Amino acid sequence: MPLDAFKAQVLEANLATVRHGLVTATFGNASGIDRTSGLIAIKASGVPYDEMTADHMVLCDLEGRPHDNRLNPSSDLETHLVLYRAFPGIGAVIHTHSTFATIMAQVRRPIIPLGTTHADYFHGEIPVTRDLEPEEIRDRYVQATGEVIVEAFRGRDPLEVPAVLVAGHGPFVWGRTPGEAVLNAVILEEVAKMAWHAQALVPATEPISQTLLDHHYKRKHGAEATYGQK
Amino acid sequence: MPLDAFKAQVLEANLATVRHGLVTATFGNASGIDRTSGLIAIKASGVPYDEMTADHMVLCDLEGRPHDNRLNPSSDLETHLVLYRAFPGIGAVIHTHSTFATIMAQVRRPIIPLGTTHADYFHGEIPVTRDLEPEEIRDRYVQATGEVIVEAFRGRDPLEVPAVLVAGHGPFVWGRTPGEAVLNAVILEEVAKMAWHAQALVPATEPISQTLLDHHYKRKHGAEATYGQK
Amino acid sequence: MPLDAFKAQVLEANLATVRHGLVTATFGNASGIDRTSGLIAIKASGVPYDEMTADHMVLCDLEGRPHDNRLNPSSDLETHLVLYRAFPGIGAVIHTHSTFATIMAQVRRPIIPLGTTHADYFHGEIPVTRDLEPEEIRDRYVQATGEVIVEAFRGRDPLEVPAVLVAGHGPFVWGRTPGEAVLNAVILEEVAKMAWHAQALVPATEPISQTLLDHHYKRKHGAEATYGQK
Amino acid sequence: MPLDAFKAQVLEANLATVRHGLVTATFGNASGIDRTSGLIAIKASGVPYDEMTADHMVLCDLEGRPHDNRLNPSSDLETHLVLYRAFPGIGAVIHTHSTFATIMAQVRRPIIPLGTTHADYFHGEIPVTRDLEPEEIRDRYVQATGEVIVEAFRGRDPLEVPAVLVAGHGPFVWGRTPGEAVLNAVILEEVAKMAWHAQALVPATEPISQTLLDHHYKRKHGAEATYGQK
């Protein structure tokens, strides 16, 4: 992909998180990867969203080596890199502190599939990572954050459940493209809000059946999807 | 009704659900029926709301036979058809995943009439369907969704209680016209929000009396209605 | 006051309730009284807010005798009249179904003064009326609604606590002027929201002390008020 | 700083509290201090936010002696003065009745650090003051409000925890500059909202570890901060 188009796409993902109400202040960051060139673009650190342009998208490779040196990348870059290396099918990563997803991360409660809203985008429970050890926090915090995410996805397909709650922190969300990652981040916040309210009113609310979960997910995803236009 | 005016009305109902904050992403769909011609118009599947025009309203008959072939209808079309066949008095159907109505569907709690806001539009409890059986989900999910709605309305007048919560899924709402269905969908979300909060604070909140329910409902509906202008 | 200015003021009060998010659909109505002429202006019944003009303000006297005959007044007119007759110091009445005030009316819980936000506008608990008797609902519902409000204010000064929650229905709010009534309706919704959340988290939350209640109220009201400019 | 620029900065802080949804009606006030000249600028009392200009910023010195006499300062001026005298490192003070911070002040529950959103801006628990004594309320309410804040910060660094909840009243927030104080007020409301929801769902939610609190705080603050651009 031409570099300008790539940066524009990642910029748009960053701005979309704000438009969708997922961001307070400068919390959050979105990145994308061009798997052909191996280049990653991510928001620069601490740039106010209302001044952000494509030039604030910082480029580096999968090991974090800068492609240019003008600006510091987001302080969460290392987490994104771990995810891009571990999940080869993903093309974009978004981190936010969106309200209800963050609350569920604070109470360390996975978001179980309570309805078809969840099933349309997430094929199963959205997990919570374990807490980081003190040494992990002190020595390699940002990278370790990526590692506990990867750990939480052992035995899970990150493309079928494209989100995680980092304990005591907030959500990381991904997708095949920046646009898909934005959509997943929006739906995550909505299902987190619904799960909070369902469980606050009826603590023992049961998840939907595996049959309904599978059926709804497969209407929108995979070879047999029937949703949308040809 | 001329076809253009009919499609415009159904388009407007789809767009109104978004304007009223009842829709996240592309969840939801609105349809209308012209009882004279027997034609149904429904949103095409997966069309982004901000690009939607009257040309995205797909036409078919009561058995779902397409009137034209350009676009796939909403994946929920069969549910709408079951409702139009079973409830001859209705002229429009709207499905959303509006937040609080969906939460109440997830916890499978009917919305009982706790106040006059409810009574002004719904003459009694808004029911929850039973869960679908695994075979129903696998073999004929969309149609079966319509059937459990009809089942939940045995002994109820669908025009007096123009909404239902499909268990683990979300609300379906209807009305004599697309505009009426939109209004009912808006009020449903508001009374669902009120019921959630009333019951979360005071679990044993009592419904209003049958006398107050009847009185408020009949001020706005039926032969003796006194509300509005002549 | 010239009739045109009077109607414009009452129109503005009706529109302000919508701007402040206190109104869903066409719920709610605002009226004003010109105590010199004895004329009351109130919103016509069922007029959509986005088409409302000063010409939709219907005039009548304190007994409800129409000053002109073009439009039906709000179906809640009789309640307003009872309040104007019983509370001679008030100049405007507003009825809404604003979300949290209505929820508190549904659970029949008075809003006790939990903070200075309350104390700045309401000098004590905002009461809930008793439920109407079936005969009252059937025979003279709208007038009886006014009467149970007046009953709830025995021993209270309606200008010091300018709001009430009608059980199972919603709030009525008033003030010396339409603008003051709008402000009271806005603050009522905010203190109802705060009281709901305070009591949901800590059911036994204590009200602020009488000393703090008095002090804050008197900073803004009465002969010794120090708030604002001379 | 030139007086015009100073007033413009304080005006902007007042307007920003409204833009960020922290203010209902005319609740709240923002001030700033020019430590070189010793001048303080604060919002005039009772001015509607939509008519507010730099000329409504009233000037006085650290003892409250007016620099000019046109308008009454905010009725909370004395509280601001106490804070400026006790906390020499701060350059601005903001008081709001923002919804969730006020609710936590009403239930007298400190906001403990439940997540990194909190840790990025507040290096520890946000305390609640004690209740004022009746004599304090009657004799010197506004000044005593400042004094109980200072009391609550014995053993705390006001620049590391730039906010407090005044029991039964609402938050006071500060910062090195008016812009920083606005940001702290926005984040406070968000962490208060998150804490309310976390604790309502899981009452025993544990704070994050001291290690994680320190690490996140120090990424953004102090000599070793790595956040943002050089």
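Letters A, B, C and D mark the chains as written, and numbering starts fresh at 1 in each.
Convention: a contact is a pair of C-beta atoms (placed from the backbone, for glycine too) under 8 Å apart; a residue touches a chain by one contact, two chains touch by 3 or more.
Small disclaimer: the values here were computed from a predicted structure and weren't measured.
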### Task
Please decide if copies subunit B and subunit C contact each other with the same set of residue positions, more than half shared, or with different positions, and reply same or different.
different
### Task
Rotation angle, subunit A onto subunit B: superpose the C-alpha atoms of these two copies and give the value as a multiple of 5 degrees.
90
### Query
Roughly how far is subunit C from subunit D, going centre to centre by Cα mean, in whole Å?
33
### Query
Quick one: subunit B and subunit D, Cα centre-to-centre, how many Å?
46
### Message
Going by the contact rule already set, what residues in subunit C reach two or more other chains?
### Response
200
### Summary
In contact, pair by pair, are chains A-B, A-D, B-C, C-D
### Query
Across the complex, what residues on subunit A touch subunit D?
24-25, 27, 44-47, 71-72, 75, 97, 99-100, 102-103, 105-107, 109, 131-132, 134, 137-138, 141, 168-170, 196, 199-200
### Query
Tell me, which parts of subunit D touch subunit A in their complex?
114-117, 120, 183, 186-187, 190, 193-194, 197-198, 200-202, 205, 208-209, 211-212, 215, 219, 226-230
